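Chain naming follows the written order as A, B and C, and within any one chain the residues start at number 1.
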């Protein structure tokens, strides 16, 4: 810590430290603690706040566990996010490999330009595109019926639609880290393995994937986290019968007005995400420093 | 290329510039006696980096206007020493004086030193003149004056009209000169140079050696030069300090270091030499006798060499003669090969009868080459005791 | 070797050779097809989104094409609500840039001057906002500031978005700093510069490209944010919220026209950025 003052002097170094403390304490840690604090207290009308009833309880979490379908929706969110993660991983790996190892410089440039627009595009607009595609009278149903694959339009909105929309929205967050990781693999290693008689599968399984594990871990962490915390996709592509956990959180806050319970649901979501992130990093034997660059 | 000419003609500018500075500096000198203070004085300086001793207690005096070099292998602590003087590091113990003033807790930007880095560290996003004038900018000098001053300094280093270029548009030697001009712009008492020539190719390096030496003599600025290249240090310096493993080995003129090395390290690091190991059998009044597997030899020694000590005798290749008659010492050798170097040749011979073959080098002038023993022939090489020095093992 | 045996060996060689060639050909064909499908998957939906802006249908779609029209584009530029939403998003993005750039730079310097465990700990803390779902950041910011009597609005939106955008800025600055030659700092100090001057004249110019990129990133992240904004927006309606609300309350192809304009400006921005990079590259090369 003294290095920062030596390097920048007391005024400027002090400025830096204060800014960082304001950020980490004032914008991240303290609000987080407030959220946990709220989640452990009951929802009371203003006059009763701070009274005998305002004590720490586990009620809000118990409610989530005991509720007839909130727990189930929570699990569905976890499961679907995992599904989105797997789907994007499988979808991206061949493309990432091609981009990083096979494509010529020129091909790579063209691909990157083509990908830039969907990457920089608004998440809401990306969801909206799928909202239009999946509509009952939309192009997907129209196309499938024209091909004779469907006799009558299918209702795509719902869990399937949400997963499709999420996979579309987050696919590039999986592609770029993997691509970057594979790009650092020397071509000679692959040639050497091929020379030694390895099959294509074996080369990928034993050489490319282990090399790219940091990229894979980074991609998985981000896609899972974004999918689990997404509100847009379920709001646009869900059906009335298929509610998503983020939607329930929103309801507690702005429709029912029980912020304490909403906070508890938020804490549950955060805890789940952080444990999945740490679990993934442990699974890939990657540490945080190398994962996020 | 008439850059040397250019430098010479433009030196008068700097001379006047620096003499003004010297006049000012005399005012705040804190010395009562008439003799001028050392440009740099280190007194019992030590430096620890988390348990490892980079600098073992050392003291050093660098006179004003001197070209002083620190010579040592990489990792010997010479760069650390430089950083202690420039103020980038604070010593763990001891004091640093610049111009007689204690530099304790004086930060680097308040010291009368300027440094030239190995990487030069030119600012890549500034033009050449902005680079040169950066020190003046830091002192709050106005833009037009900075510009004028920078042009003057660029002329001094034979780069007139290069001010508007970017450092990346210059050649290696030109960048070197910009770095020098940048350092001189702040009129330093001491110029610290951290192996500035090591990145250049051999020819340019040799050219820059003379240029630097010239510059130092004309400006009178004290140069404190760090290098691992012994020929560089010997060629340019007034005095050289040899350093090894964080400790000073010897301080002296290049001549002294070469002919009167004080330690085995200096003897073997400075110039080519031959070493013969053995045990001291007697020592008196500056002369000692060494007995070893290769025979018994007499040589000069320093005080403190006691009989019974393990020691080495050092003799330079040019002190070995093909004739053993008339010399106190003789060494049985078998000729192995000749390496021709132009004016002279280096003969490599093996000590005869030794348990393990040890190579000895002899310098043979072109004239004597025809009389040299043929390859494979046995002969005795003679040398005077005055040309040999016996130094104890560490 | 006789002609006959050569012919025979050629016969044996030929089929196996062409079989391998066929396989390789098939494989590269499959790879091409897969790549095209992937690109189609990426761009198709956006194409449909954009095309629907020209369909003369009151609901945005392409499947029954009811005639081409420019009326939705015209309507977009007459729509006051969208204009207000854009302004609102712009204010938030500007605020986020103003907050996250200085703090991100400060965080990068603090992080790089820490070592060992302190560094790992600070690093984990500094990237944690990126690993927490956006709605959780929105919730915690809202709960905290409501306790202090501050309601949702521009201020909270800027703070909540900045809390994780700072992490991105910090990472970009750290990446650039890792390539920095510290002797330049020493050189400047040795020439008598104050630490402030070193920061202003050496470090900031050096970081300029990273800061520019971070600025773009912060703008885009803020502009497209929905999950966090939803909780802290108060009564403000930035663009993302506006679009999502429209989906519920009556979507018209005006939104598609908006999407089209945003896509076009993204492409334009990317092209300009590329030009700028190239020109810099050329300057650096001739340099």
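Operating definition for what follows: contacts are C-beta pairs under 8 Å (C-beta built on N, C-alpha and C of every residue); 3 or more make two chains touch, one makes a residue touch a chain.
The UniProt protein names, listed by chain, are A = ABC transporter permease.
All of these numbers come straight from a predicted model, not from anything done at the bench.
Colleague: For which chain is the distance between its Cα centroid and the global protein Cα centroid smallest?
Modeller: It is chain C that sits nearest the middle.
Colleague: Among the chains, which one keeps its Cα centre farthest from the Cα centre of subunit A?
Modeller: B
Colleague: Distance-wise, how many Å sit between the C-alpha centres of subunit B and subunit C, to the nearest whole number?
Modeller: 55
Colleague: Just give me the whole-number Å value for how far the CA centre of subunit A lies from that of subunit C.
Modeller: That pair's centroid distance is 15 Å.
Colleague: Averaging over Cα atoms per chain, report the distance between subunit A and subunit B in Å.
Modeller: Roughly 61 Å separates the two chain centres.
Colleague: Return the residues of subunit C touching two or more other chains; collapse runs of consecutive numbers into ranges.
Modeller: If we look for residues of subunit C contacting two or more partner chains, we find 194-195.
Colleague: How about subunit C: which of its residues touch subunit B in the complex?
Modeller: Interface residues on subunit C, with respect to subunit B: 181, 183-184, 186-195, 197, 201-202, 205-206, 208, 284, 286-287.
Colleague: Spell out the residues on subunit A that touch subunit C in their complex, using ranges where they run on.
Modeller: 1, 3-4, 7-9, 11-13, 15-17, 19-20, 22-24, 27-32, 34-35, 38, 91, 94-95, 98, 102, 111, 113-118, 120-126, 128-133, 135, 137-139, 141-143, 168, 171-172, 221-222, 225-226, 228-232, 235-236, 246, 249-250, 253, 259, 262-263, 266-267, 269-270, 273-274, 277, 288-289, 292-293
Colleague: Where on subunit B does subunit C make contact in their complex?
Modeller: Residues 86-88, 107-111, 113-115, 117-119, 121, 123, 125-126, 134-135, 137-139, 166, 168-169, 182-183, 185-186, 192.
Colleague: Once bound in the complex, which stretches of subunit C touch subunit A?
Modeller: Within the complex, subunit C touches subunit A at residues 31, 34-35, 38-39, 41-43, 45-46, 48-49, 52, 59-64, 102-103, 106-107, 109-110, 113-115, 118, 120, 123-136, 139-145, 147, 159, 162-163, 166, 171, 175, 185, 194-196, 199, 220, 223-224, 226-227, 230-231, 239-240, 243-244, 247, 255-256, 259, 262-263, 266-267, 270.
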